[in-house]
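Structures for review follow.
One chain, chain A, appears in both complexes that follow, with chain B as partner in the first and chain C in the second.
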Partner chain A sequence: MKSSPLPFFTYLLLLGGLASFLPGGLQAQEDIRCLTCHGKPGFKKTLPSGKVLELFVDPMQLRLSVHKERKCVDCHADVTEVPHPTIPQKVNCARCHFLGNDVGAPQLKRYQEYGESVHGKALAEGNTKAPVCQDCHGDHFIFAGQDVRSLVNHKNIPQTCGACHLEIYAEFQESVHGQALLKGIKDAPVCTDCHGEHNIRKPQDSASMVNAGTIVNTCSRCHAKVVIMEKYGVKTEQVATYKESFHGIANEFGMLKAANCASCHTAHQIYPENDPRSTVNANNIPKTCGHCHPGANANFAKGRIHLNPKDKSAGIVYWIALGFKILTISTLVALFIHISLDLYHRSKNRRKVLQDSEEVTKKVS
Partner chain B sequence: MKLDTVTAEALGPDPLSSTEGVDRMSLWQRGEHGLMGLSVLLLILSGMALAYHQQAWAQVLIQCMGGIAGRHLVHRIGAIGLLVAGVLHLGGFLFSQRHRRDFGRVLLRPSDLTEGWRGIRSAFSESSPAPRYGWFTPMQKVQYWGVLFGCLLMGISGVWLWFPATALQLFPKWVFDAMLVIHAKEAQLIFVGFIIWHLYDVHIAGGNFPMNPAWLTGKMSAESFALQHRDSSVSGRLGEKP
Partner chain C sequence: MNPVDKSLWTEKDTGELTRLLSAVVSDCVRKDFPEGLSEAQRQRLHTELFTSLREETVLDARRVVRRFQEEENRQRKQAEKKRRKQSMADETVQRLSLQQRLQHMVLFSCTLILIVTGLPIKFHDAPAAEFIIRFLGGPGVTRWLHRFGAIGLTLVGLYHLWYCMAFEEGRKNFALLIPKLQDAKDAGQQIGYFLGFKKERPLFGRFSYIEKFDYWAVYWGMVVMITSGYLLWFMERAINQFGKVAYDIAREAHSDEGLLATLAIIIWHFYNVHFNPKKFPGSLTWWHGRIPVEEFREDHPLEYEEWLSAQKLEEGLELPSETASEPAEAVSLESPGGKTA
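Moving on, here comes the complex of A and B:
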């Protein structure tokens, strides 16, 4: 595809004119030199290795993004000559995004967290596929996270992560969370809600949000909140009942082999209970429980899980609990009466003994 | 039932005539009681730590027992202790005439209801006739049967909780849930109904303060016996109808 030179120069002139009115107008005029080549649609270069580098940059993208006031060489700082004698390096965002920078680039702790994360560590170990800032945030087309055009906007996160994590992306899309997101439900969790953003760690890492020791907390952030769950008819007592169960108590006290939310519901293939694909569907319960309890059979599914003995829906368990409650309260009342009678009887005896001794004293005197 | 009319020769000298007091508990019974008391203490401490795991004091208890796995171990040691006490109890019944006699005396009779009622009435009115309780008071009998059935219930439901996977393979999950709630609630009932009540009775009630020594020495004074059992008229063969 070859573009005619006239519209391209017209475009550059227009951009120059427009850019001079923008706050970053001066920078934009300086960028015109770069755009002589990089502004040509389809501009690319084939490396000796055969790899093709797409080098076209839509200047309007940059002007609309959060970096609208930056000029090309602010980021591509190693570019000093045209044509470039060596291939310019990948942009290092930390040039500006460091604590105490004087250009006003936002710098929070979370940027440093990347170095500790599974992605940052992989990069440090020399994994060339490890994602860097641009892989998630984009390069010239960077917007604030709240902006729907941002690659890291809530609704775009699964696609952004899915660019590398393809299989999990497919699983997530089908899941109850993925389907909710497709329906435009803003409460639906995306990858970062459970895994974190810059602090993503391996599930085996105790600092990970999806570690066996932390996952209950992570799921509870939404599933224990009535304001969120009541909108979708999901019970919040599932969290409380889990925490009261043997699995929950063992987990609380650091016995991490005990089942947590994801052990039964899986991490990404979460479906409603009545969905035959769900691991907690009655038909699949023996297999799900069987992961930890070999020999689990259909009996495991005959009864409710996440049972609340205080709720009538618990059936026989509710009635047994109620019966014992009545029995215990009656026993307490009887104990109270027993103690009162005993004390009354003893005080009466003591009075009698005192009276008798007084009479004896009188008689003697 | 002839159990409570065991011959006098088999029982030796009349306990009431003895200067040492009334012979209430044999060494066997004291051992059984001690083992049961110790086991129940372990069971209560480790059980309450689990039931109230969100409370700070329970978390301290769990830490003291070496974490949640240590708590499980303590609870199971207590369970085995209680089981052994149960076996001793059964053994006493099988091999000791005295224990069979005591068992006969602890059986509930209609007179327990009438005498118990009389006891309550006489507490209020001096003109009411005093009750005659016998070797075991109606309250002691109720406590014995409460503890016996309580332990059986705790033992049976405890087996479910000890071997959850096997229990779930053999019985539906709702049975497991029922066993769990029985175990937890029965524990509460035993604690308030039997432990607190019993401790009040043997340490405070009926002039027992600081304690009724029978659980250590096997004997209690004839005066205390007469006062608490309202039965000074009959000789050592107490429990028989006057």
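Moving on, here comes the complex of A and C:
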């Protein structure tokens, strides 16, 4: 919805309506002055470099967005006269969007998180391609995240991120998560569910949600929840069995070279086990395990990876576990009884000895 | 003069010495410098000589006394040690050979390392597990400590098999450790005795059913733990050879048998040798291999009888029939005192 089909009509509508729902006629007048030029469809300017700037603004977009009560110069604050002689600076959202602002912008900690994120750091280092607020949230047509029209709405996130991250977008679209999203499944994770929103960090950063030390928790947020997983026939015990495995225990104790979820399932190219493209497909298992276990052969695929010894489906391992359980309990019970009897006998003996000696002393005295 | 008799150098001794020194000095001054000296000069010479000699003489005397005292103490301690050793030799019996003690020491040191580094993996959720792993230097260190313990355990296990075959002592002891029907009967009688149904305790030989159980529990544990442990250590080769199911079985068996062995050691073995009211808090038998004769007679009466008759044969002494039931006298006969009598 980049340009309205009826710009002129909306312009008239705005003229009629503004006076009634906007406070102060001056404000409306200022916007009208801006729109004298920027309200003309096809208004553009060619720079000396040859670059063409599309300068048409559909005023209806702003009036429908969360910023409906703002006027042009609230954000384009460096425009002090009309027409403005110079090209205005890029809008700085932090003018209002900071913690403790008094103009009614939401009070969120996220504003600071951006500065520490991979995008914010890139910007600070002078990378002109680094995304700023407008690149993800849009400029005039900004909506709350829950609104389906928002660029940062759950279903639109992949396209928004994909605008820059093209290859990963393509991989994600093919994956089980991307396909689920296309089917309209709201539980399907998008980029931000795993990577975070304003706090996106490099995977190597230990504070990142996709760091080797944190990824298990990130995946567990959905994959350990029966309520979510049972809808799609995915087992939640995969998380528990991973945590019981040597990989999981090593990861828990901070040995991050041990395999985590993404080491075997990959980050973006996640497919169901029976998909031949899947890294955990039986045919691909030797290669996947071989990354860390050199020389792994087809036998690595013989037997389950996420094995739960407490479940009958584990086959012989279940019976061995059960056998040991019985053996341990019965042995310990037997030993415990033997010890108790020994102690019982000793205490009885001691009492008898004491009694005897008392009798002897009585007789003597 | 015998300085050893003096336990401490006192002020009185210093006074005595000073008086003696003064007398000697004045004697010397009078005898050796008779001519040309006035009384005042004589007096001054005496004072100078006396002051320069006094300090050193007293110090030297003290030093000598101390050295004598130290020497005396050392001799007394040695005599005491010798006496204690002698009395221990009289009151205790060498029951475990150096071979057996060394095997036991290696076994329990390795087992302790393995338990401390192994259980935190099984109970990784427990806060103590995290603490132990961090305390020992992280999972990278504990896994190698575990493997170090494993190598020690394997070596002592293999050596034990060799010991049971190649050594006369090993063959004899192993034969005595084989479970027999008598052991079941003994266990029944022991329990009956505990409950008061039986009047008599069963008579044990060198190894009671309790010790046999201990031994074979360790035997079984070693076989399971070492086999499964090496399958886990060399898991790539194990899986390539036998499939992942072999690894899964090894993992389960290693984990479960590890717990069973630990509990058996803590409950059974520790009770029998440490927490048992009679033994608490434990003896040094594992170190010197000796047990008190009294305990020997009580816990291993059959072995005791054998040992007694062997002693008699060695010393060429006839054992009076009535002393067989009187261990105190029997022991006194064993002592060197009895020999000279």
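Throughout what follows, the second predicted complex is superposed on the first by the 310 of 365 C-alpha atoms of A that agree within 3 Å, B and C clash if a C-alpha of one lies under 4 Å from a C-alpha of the other, contacts with A are read in each partner's own complex, and residues count from 1 in each chain.
Note that a residue touches a chain if its C-beta (ideal position, glycine included) is under 8 Å from a C-beta of that chain, and two chains touch if they have at least 3 such contacts.
If you're wondering where the values come from, they're calculated on a predicted model, not measured in any experiment.
> Could you classify chain B and chain C on chain A, in the superposed arrangement, as clash or fit?
clash
> Contact-wise, after the overlay, does A:Glu358 reach chain B, chain C, both or neither (first, second, both, neither)?
Touch partners of A:Glu358: none, neither chain B nor chain C.
> What is the contact status of A:Glu230 with respect to chain B (first) and chain C (second): first, second, both, or neither?
After superposition on chain A, A:Glu230 lies in contact with neither partner.
> Once chain A of both complexes is superposed, is A:Glu273 in touch with chain B (first), chain C (second), both, or neither?
neither
> Between chain B (first) and chain C (second), which, if any, makes contact with A:Phe336: first, second, both or neither?
Only chain C is touched by A:Phe336; chain B is not.
> Just which bits of chain A does chain B share with chain C as contact spots?
Chain A residues touching both partners: 246, 249-250, 252-255, 293-297, 299-305, 307, 309, 314-317, 320-321, 324-325, 327-328, 331-332, 335, 338-339, 341-342, 344-346, 348.
> Mind listing the chain C positions that touch chain A in their complex?
The touching residues are 121, 124, 130, 133, 138-140, 191, 193-196, 235-236, 239-245, 247-249, 251-253, 256-257, 259-260, 263-264, 267-268, 271, 276-278.
> Which residues, counting only chain A, touch chain B once they are in their complex?
For chain A paired with chain B, touching residues are 243, 246, 249-250, 252-255, 289, 293-297, 299-305, 307, 309, 314-317, 320-321, 324-325, 327-328, 331-332, 335, 338-339, 341-342, 344-346, 348.
> Can you list the residues on chain A that touch chain C in the complex?
246, 249-250, 252-255, 293-297, 299-305, 307, 309, 314-317, 320-321, 324-325, 327-328, 331-332, 335-336, 338-339, 341-346, 348
> Which chain B residues qualify as touching chain A in the complex?
50, 53-54, 62, 67-69, 120, 123-124, 139, 164-165, 168-178, 181-182, 185-186, 188-189, 192-193, 196-197, 200, 204-207
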